[in-house]
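Chain lettering (A, B and C) follows the sequence in which the chains are written, and residue indices restart at 1 in each chain.
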Amino acid sequence: MTTTSSEGPAPAGPDPVLEADTAEPAASVAPAVVRLRDVGLFYGEFRAVKGVSFDVPTHQITSIIGPSGSGKSTLLRSINRMNDLIAGTRMEGEILYHEENLYASYVDPVEVRRRIGMVFQKPNPFPKSIYDNVAFGPRLNGFKGDLDGLVEQSLRRAAIWDEVKDKLKQSGLTLSGGQQQRLCIARAIATDPEVILMDEPCSALDPRATLQIEQLMAEIKERYTIVIVTHNMQQAARASDRTVFLNMAEDRAGYIVEQGETAQIFTNPTHQMTEDYVSGRFG
Amino acid sequence: MTASAAPGGSLLRGSRRRRRNEAAVRGALFAAAALSILISVGIVLSLVFEAVSFLSQIELSQLVAPGWFPRRGMFSIATVVVGTLIVTVIAMTIAAPVGLGSAIYLSEYATPRVRGIVKPILEILAGIPSVVLGFFALTWISPNIVQNLFPEAKGFSLMAAGIGVGVLTIPLVASISEDAMRAVPNALREASYGLGSRRLTTSVRVIVPAAISGIVAALILATSRAIGETMVVALAAGASGGSLFTVDPLGPGQTLTAAMASLAAGSDQVAGANAAFQSLFFLGLLLFLMTLVLNVIADTFVRRTRQKY
Amino acid sequence: MNAPSAVLGSRDRSVRRDGIDIRGLLFAGFLLLALLFSLAILTVLVGSQVVQGFPVFAERGIDFLTSDLASNPANAGVAQGIVGTALLVVVVAVLAFPVGIMTALYLEEYAGDTALARFININVRNLAGVPSVVYGILGLAVFVTLLAVLGDGDGKTILSGGLTLAVLVLPLVIITSAEAIRAVPDALREAGFGLGGSRWQVIRQLILPAAAPGILTGTVLALSRAIGETAVLILVGAVLGSFSTNGSLGALLTGPYTALPAIVFDWARKPGPAFQADTSAAIIVLLAITILANAMAVVLRNRYERKW
């Protein structure tokens, strides 16, 4: 754990929770929804991520940046237990959601994913109508109520209502890439999650659609807490409140080099490696 | 992974009903999958039990007889095995070149439009019931082809049956080896054409060697299919009561499968626990083992192709 | 085959066509011939059956389809065969499809890459290669015996025939369904799970609808295989049977039975041109059904091929 910055709130120790409370920088007073404590992730024998600890403050956007192969996506997917679906993955450490360990034996991953939603790298609407795409999650939950209203509300919050309100019966696949991704955000919103994980949501989109998504994120963070993985440093700098910078160690496992307020990470990083990365000198 | 108890009323626990339903679905699906194993066990057991019972009832010398006449206690294995081999060799002599030629044409020469027309035709040929091909072999191939080429040939002949079986296995050879050739990466093709090779050279020297595992698998599978084919032989090879040992492809003969069919359905239909009836299971066991070995070999070839690309 | 131009041509610096590539032409000719061979056989086969069988229809019309089996070829018809084949198809569809699709779902969505799953996979592939006549033996040893013990007849009923055919086509249903399920993109699964779908919800609402065309194609092909299958029926006793005429459903299911391909086999072995013509006429009926089924499968597959 010697590689973890002392600047971060939680260098993994024997009693991480206690230490996290004391070491928390004054800037992030917002309470944390999700806390990662000394998380290590494995694909079979290969260690993809080691010793990662950070807090996700509520109603903020936390971005995870770092070169490819540093385990950003794997880390993100561990937060709503999507990694469970890949055979041979293993997790050590703790991920706490409102101080409850998500990996406790009694926890049902399905319940986790209903509270911690996900938007993927490539827009992946279902081959169903726009309406049915948004209504999918609520229907899974046995939603009894004004489904039409919920669909409209979700599409409005995802800033796509005006573009699709006249063609709700059309297939979601007929939309443009940017529209598809906003539809996927609407679909995630419709299940009313507390946290939304976004795995490089703009990497398949053009600059204009990217900007729209970023604006959308800024609007919905009033209601939701967002964690975003991005390759795009400008995006992290523009859109996020906090930034976690991962890099690959010599054994190719990802670890946290530095974390903190986004402004600080980008303008006044503590580590030379961070400065090199955010100024585009590697990665 | 901490094995802690749930705090009272944790929402993350999920509904017990859903967990139970999920487990029930998983159990039902597993039961279905396990059924396929049960079927294999059933096949092996039903073959082995009766075959052993058959062998215990007869003198082993009865297996070496001048011919296969189950009602007279003559169970010459050589007769039916050699008959099967003759039919199989004739079938593969037809199916291998025709099937491979079609595959190379479809994979390397044909335009998408020609493929669009020809592939469905091969699929229709593959879907023709074997009993239909058997009747065709007996009433058309035998007089119009076999007896035309060899005037001394009989109306029922291993030759006519073999040609019929060959026609039946052409689509199998063609489709599996075409799949193998189309799986060869285009880069290899372009490299060959880039060196100034012609289509012939590219096909024969580059594509066929690269796809050889799949092609071999196709030929082995077709051989296995030919050995196990029943109706064509039962109708066109004649010799429904039995047959003396023969190596003459132009006359009637007996194969493993045809002997089984005639035991079960022929005028010499025999039932009950006598040796003649149980020889059916003995033949079945032989056939099962022969085709199993071939299928396992073919499977290793198929997997080798999959690994490569 | 040894044209010198093709051998020397490669050293030539000219970009002009150096003569005609005889070997290449011969090879292309051989390939085309191979292809035409199948085409010709198919044409002759169908043509010869139509020529021989058409007079039966011309003379008797629909009567051939509605008449029962008879020893006089002028009166014999395939009605019982059509009913028998239809009943067999129902038994196969009811038994083999659910079990086959369930097995495919287990292998693709639940089992992962465990030793057990690999074993089941290998087992299914080997079952697919077992000759049908061996399945007939299984039917004879297991289903016929079982039904004889349970019922009062000799067990050679449409149920034992249908059960055996269902077992015969099961590997085909499993393999084609598994392929269709595997072709469903992972993005769809991830989206479903990401929204909090349980495994069964994701399967029911996303994977099965997406894989449905492929699964349907496989099941139609399996049915077509079952319709034309003869060897199995001979072993489990369809050949010499016919339906009892006082047709209560119970009598239909527990009595002797026959099916279209079994009738073709039986008539094909009868001497005389009259039964030969009847055989061809029965073949036309059988071919019409199987080719229709196959064509349906091909159309289905082409229409839904690769949406992703």
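Basically, a contact is a pair of C-beta atoms (placed from the backbone, for glycine too) under 8 Å apart; a residue touches a chain by one contact, two chains touch by 3 or more.
Remember, it's a predicted structure, so these values are computed and weren't measured experimentally.
Shared contact partners of subunit B and subunit C, listed by label: A. Should one ask which of A-C and A-B has more C-beta pairs in contact, the pair is A-C. Here the spacing of subunit B and subunit C, counted between their Cα centres, is 14 Å.
Taking the mean of the C-alpha atoms as each chain's centre, subunit A and subunit C sit 50 Å apart. Between the Cα centres of subunit A and subunit B there is a gap of 53 Å.
Each of the following residues of subunit C touches two or more other chains: 198.
Multi-chain contact residues of subunit A, defined as those touching 2 or more other chains: 110-111, 115. Contacts with at least two other chains are made by residues 18 of subunit B.
Put simply, subunit B touches subunit A in their complex at residues 1-7, 10-14, 18-19.
Put simply, subunit A touches subunit B in their complex at residues 91-92, 94, 97, 100-108, 110-112, 115. Residues 112-113, 187-198, 201, 205-206, 209-210, 307 of subunit C are the ones touching subunit A in the complex. Subunit A makes touch with subunit C in their complex at residues 80, 82, 85, 87, 110-111, 113-115, 117-120, 122, 124-127, 136-137, 140-141, 184, 187-188, 191. Subunit B meets subunit C in the complex at residues 18, 21-22, 25-26, 28-30, 32-37, 39-40, 42-43, 46-47, 49-50, 97-102, 104-106, 109, 118, 120-125, 127-136, 138-140, 167, 170-171, 174, 196, 198-200, 203-204, 221, 224-225, 227-231, 234-235, 240, 257, 260-261, 264-265, 269, 280-281, 284, 287-288, 291-292, 294-296, 298-299.
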